[in-house]
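What follows is chain A paired twice: with chain B in the first complex and chain C in the second.
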Partner chain A sequence: MTNSLSIRLKPYLYVLPLVALLAFVFGYPLLRIFEFSFKLVRGVDGPWIGLRNYELILSQSLFWESVLHNIQLLLAIPAMVVISLLISILLFERIAGWRLYRVIVFVPFVLAIPIIAVVMKRMFQFSGPVNEVLRWASLDFLALDWIGSSDVALWTVMILIVWRESALGIILFLARLLSLDEAVLEAGRLDGANWWQRVWHIILPQMRGVIEFYVVVSVITMLASVFAYVYVMGGGRGGPGTATMVVEFYIFNALIRTSLPGIASAASVLLFLVSVLLIFPMFRARRRAREEEA
Partner chain B sequence: MVPAAHSTHRRRFAFTAGDAVKQGVLIVASFIALVPTLYMIATALKSDAEYAVDKLGLPDAPVLENFRAVLIDSPFALWMLNSFILVAGSVLVSIVVSCLAAYAIARMEFRGRDTLLALSTSLMAVPPIVMIVPLFVLYTQLDLISTYQGAIIIYAGLITPFSVYLLTTFFRTVPNELFEAARIDGAGDFLILWQIVLPLSLPALLTLVVVNSLYVWNDLLIAIIFLQEDAKRTLMAGISVFQGRYNNQVPLTMAGMVIASAPMFILYIAFQKHFIRGLMAGAIK
Partner chain C sequence: MSKSRIPNISRRDFVRTSAVFGTAAALGGVLPPFARAQEKTLDMWWWGEQELPGLQKFVDGSIAAYKDAAVKSMLQDTAVVISQFQTAAAAGKAPDIQYLWNGVYHMESVWLGYLKGLKGLVKDDILAASNPTALSRFGGNIYRVGWYPLPMFWCYNKTLFEKAGLDPEAPPKTWDELLAACEKLKSAGIEPLGGGIQDGYWSEWYITHSLPQNLDSFGEAVELFIGDKDFRDPKYHEHWKKLEELKTRGYLNKDMSSLELYPGIDLVAAGKLAIGQSIGTRLPADSKATGGKIGYMTMPLFGKGKLAGVPVVDVQGLGISSNAEDPAAAAAFLEYLNSPERLKAFWDATGWLPSNTTFDASVIADPSVRGLWENWGLKPNISNVTNLVPGQFYERAAIPTGQQIVQGSMTGEQAGELAANTAKEWRDFNPDMVENYRKWAVDLSAPM
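And then the complex of A and B:
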């Protein structure tokens, strides 16, 4: 009797640390942001104030500007997909030297975002090396104030994001390509299909799942995981002015700079709801990607 | 015989145009991928005076002064130590927790098993910023801001869903006969996990260590919010502050960046195979 009870309890003992850890790091905060978002929190708690936090956020132009910036970052995704596809397919064809190329094109993903942001910021300074090259090439009209102009700053952040996140795409796509059925590709080759035809009719259809997955993951990144890029490029203020302000930074400011956890929580709730909406397509895409591979 | 002839024929035929273009594309891509690193290293070796007149070329007379200044005059070594402590602590906690859980999920029958795995896996898509506010308020209350243990728990939590997912998948591939044999020999579950499953899972564990260390080492968000005291700054939080302070001394800043990126770079070159496998596994998450 005691023996069978201990056998039945044993699995729970094994998963207990996991449940405790996830409950603390995910469960507790996810419940509390909802509670806090309806309260005027000063310090650790405060009175209920209904929807006032939400009303305040939604009526603030800075919040909407941040949302718009996150949405603008989505424009980077098509470029990332095209670049990643091109490079990963070329690597997959085992062009002479592909092992070395592979080591090199993964480098952006090994470098930490703050480090690369610091370096890029110096490269794109108005009197920095990028503009020097552009002027040397008589492309003066392109020698913009990449960091200091509020019209351009967010685009510069996007260049950095494309540069780094494309490496993730290459990694992901190459993993998928390496599991493709070589016989089908060889058959296409024997049928006399040229490179474009092989890519378009044979390779791409088999990569739909993984491309979809990469797109969804990138959408989550652009909307909710660009803090490190923006923190350094925007000089810790989302600057110049509010040109690189994003929702994450809005939450950060409300929490740390103005000490308004209620406001920060309401914005967190909105961001959480958006990410929940994206979790389902992500799972679907991942399932499809895995089915393709099987 | 026929396919071989065909393929050599194809290669010789195609090299003139197609392969040259492909090589060209990859060379350009490699150059773009490497340019920031090359710029960083070249600039770190220049003096301020040389950088003022030459921003692009190789250093004429390489100086090491910038590296000395960074290592001696700034708390770089301390920041690195802090980062290292956090990586070691959180990766260890996460591995222990996920090994136990993944073993139960992969090998035992219990109620709620599939729900637990689905829930844990779906947490991978929740952006960390969403959890920050209540944890910050709680940590302020408990005096856990700027403590290693506080940050380690958060990092461990953030990297664990992926670890559980990967290990569960891996443990399920261990052949059943091994378990049966061990059980007949009288081994308990813990012994089986420790002596049979873990040694077999070394590649998966190494992959996890790589992916998770990279995540914790490179993180800025948690570090900047939960480790605010100067003595507890991580490398990433430190350089984000450091770069603003020396805004005009670009070579000095770049020397700092070279030192900051060196550990992961050296690991990457030394353990290419594991890194690439780890990155590929991590990407699918």
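And then the complex of A and C:
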């Protein structure tokens, strides 16, 4: 009996140090964030105020504006999927120079976000290269104030996100495409299926898992990982005005710029809970993708 | 054939020697400083190299030359100047001397009890000469020694003024004169006024120059936040209406919304924009680059408050933490930094002025810089009113209002509405701070 118990416990003991380390590194701060979200924190601690931080956040228009902007960014995902699919399929079909193109399309993903965001920001200035080209082509009506107008700024951020994040999609999709059974595609070709029919009836059904995975990852990115884009493109303010303010930036402002760690913690908890809800479909999608590949 | 010079060391000798050195090194790290050297030690956390290159050289030189204590300095990252200090102070491990931005950026630490009042600790004459500004006073005490000044002004390009037929030595003094000058500049094909507002600082600086025009004291500004006064009152949002007027008349540069602050100022120096907002630390370089063709002025007058037209001089400073083991030693070091020899060294290292009215200005060769020091630094001046703006108001109202007016999506009146709502929001989020601000208003309303 004792022997059997020790055999069963043994594996857990092996992983215990790592679990303890993870609990300390991630678990403790998470608990503190939950605790802070119920306090009016000044400096490093403060009095307990119950749900007041949550009440204040949920009644603040700026918070909902930030949420809305995150949701608006979700609109970029269909574009990312389509672009990634299109380019990955073209690369898969080994168009001339495909190896070089593969490197080129992945470059944006390798470069740090602040670097490409700074470059893009210069490109999209009112007197920048993009507008200069448009004016040169007599398309003045398209020469917008890309980063200076509240109506346009978030869409400009979205363009940048689509450009960079599509690179990940391309690589994921291409990896999946390269593992497809070419015999099936060849059979389709011999049966007279045109390019579109092959994509629609043969390729896409087999890629469903990896597309789902990419979509879920992208949703999490749009909700909880666009800070660097917004920080650089929005002049470090989520601007102009509050036009590019997102929840992450809201948290950053509350913590760093407005000395409200309690509010930042409460907003972080809300964001965390939403992200956790999204992690389950992500795991499911990943499992499905693996099963398809097997 | 020479013999090998490697000594004959056995493994035992090697291990023994290593152990001796290792123990000595470990003890050196573990033992308190007084056991290592019988001298006072001070920790100093500072910031400023980022905005004033050369400051590192001055700090290093000052520490090396100081004989009364060993000073250990650490240059802080911009993002953590306040949080790093406050966290350390809460843990009882704050440095003896801390760099402090003005106004609320250090006042919060005062309210948390992390800073020592300097009255009676630093000599009165040095404290006064360093101009810590009214924003460093609370409860009758002063919490910073001024380190270096940041005169803030409206700058203009004299060459463009000449091109438009304006007198480059007589910049506009009133709002009507400004509008007339802008019209002339515009007619001459010159973009009259503006800069870059994409990063928001232009909005802040605009408030710095314009809000005080309808204030009698900075205490009145604080009353706007604690709810005793209201931004919806026309006199408290008139400055935003004036910005709206500049926008609707087409006097602001077209790319203003997509440019950041400093590239915007560059336009003035480059002769592409006639009038902008600038800061003293830029003046030596801009003056040199344009052959002395950069002029400066206070914002043209429209308001009727007692602070209207008074030059603005913000001052960065140093304070002493409540954790300091020997506050007198820290104070002595701050006094040393204000000695005539150190003030001269400051100028030599940075090419900029120290904040001390006793500084011998004869070393300043550039007449523009000397004039700025004489007219802004030595004459009556006010500090930067945005330094008493609560962070939440700064982010939610002070910055966005300017940006939205400049892009034409908000009126001055709507800006007042947003400001009033944000002030109320701040009170809801920070009930504990309102009382501190109320007390602070008393200090800010009192004469210096």
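Throughout what follows, the second predicted complex is superposed on the first by the 275 of 294 C-alpha atoms of A that agree within 3 Å, B and C clash if a C-alpha of one lies under 4 Å from a C-alpha of the other, contacts with A are read in each partner's own complex, and residues count from 1 in each chain.
The working rule: a residue touches a chain if its C-beta (ideal position, glycine included) is under 8 Å from a C-beta of that chain, and two chains touch if they have at least 3 such contacts.
Here the structure is a predicted model, which means the values were calculated and not measured.
Of the two partner chains, chain B is the only one touched by A:14; chain C is not. Of the two partner chains placed by the overlay, only chain C lies in contact with A:242; chain B stays clear of it. Once the two complexes are overlaid on the shared chain, A:42 sits against chain C while remaining clear of chain B. Contact with neither chain B nor chain C is seen for A:204 once the two complexes are overlaid on the shared chain.
The larger set of touched chain A residues comes from B, when the choice is between chain B and chain C.
Applying the stated contact rule after C-alpha superposition, one finds that A:101 touches chain B and leaves chain C untouched. In the superposition on chain A, contact of A:51 is made with neither chain B nor chain C.
In the superposed model, A:279 makes contact with chain B only, not with chain C. Contact with chain B, but none with chain C, is seen for A:190 once the two complexes are overlaid on the shared chain.
By the document's definition of touching, of the two partners only chain B reaches A:33; chain C does not. Chain A uses residues 43-44, 128, 235-236, 256 to touch chain B in one structure and chain C in the other.
Chain B makes touch with chain A in their complex at residues 3, 6, 10, 18-19, 22-23, 25-26, 29-30, 32-34, 36-37, 39-40, 43, 55-56, 93, 96-98, 100-101, 103-105, 108-110, 113, 116, 119-120, 122-123, 125-138, 140-141, 153-154, 156-158, 160-161, 164, 189, 214, 217-221, 224-225, 236, 239-240, 243-244, 250, 253-254, 257, 260-261, 264-265, 268-269, 272, 275-276, 279-280, 283-284. Within the complex, the chain A residues that touch chain C are 40, 42-45, 56, 60, 62, 124-128, 145-151, 235-237, 239-242, 253, 256-260, 263.
Listing the residues of chain C that touch chain A in their complex gives 79, 82-83, 86-87, 89-91, 108, 112, 114, 197-200, 254-260, 390-392, 394-396, 399-400, 403-404, 407, 409-410, 425, 428-430, 432. Against chain B, the residues of chain A that register as touching in their complex are 8, 10-12, 14-15, 17-19, 21-22, 24-26, 28-30, 32-33, 36, 41, 43-44, 83, 86-87, 90-91, 93, 95-98, 101-116, 118-123, 128-129, 132-133, 163, 167-168, 171-172, 174-175, 186, 189-190, 195, 220, 223-225, 227-228, 231-232, 235-236, 248, 251-252, 255-256, 261, 264-265, 268, 271-272, 275, 278-279, 282-283, 286, 289.
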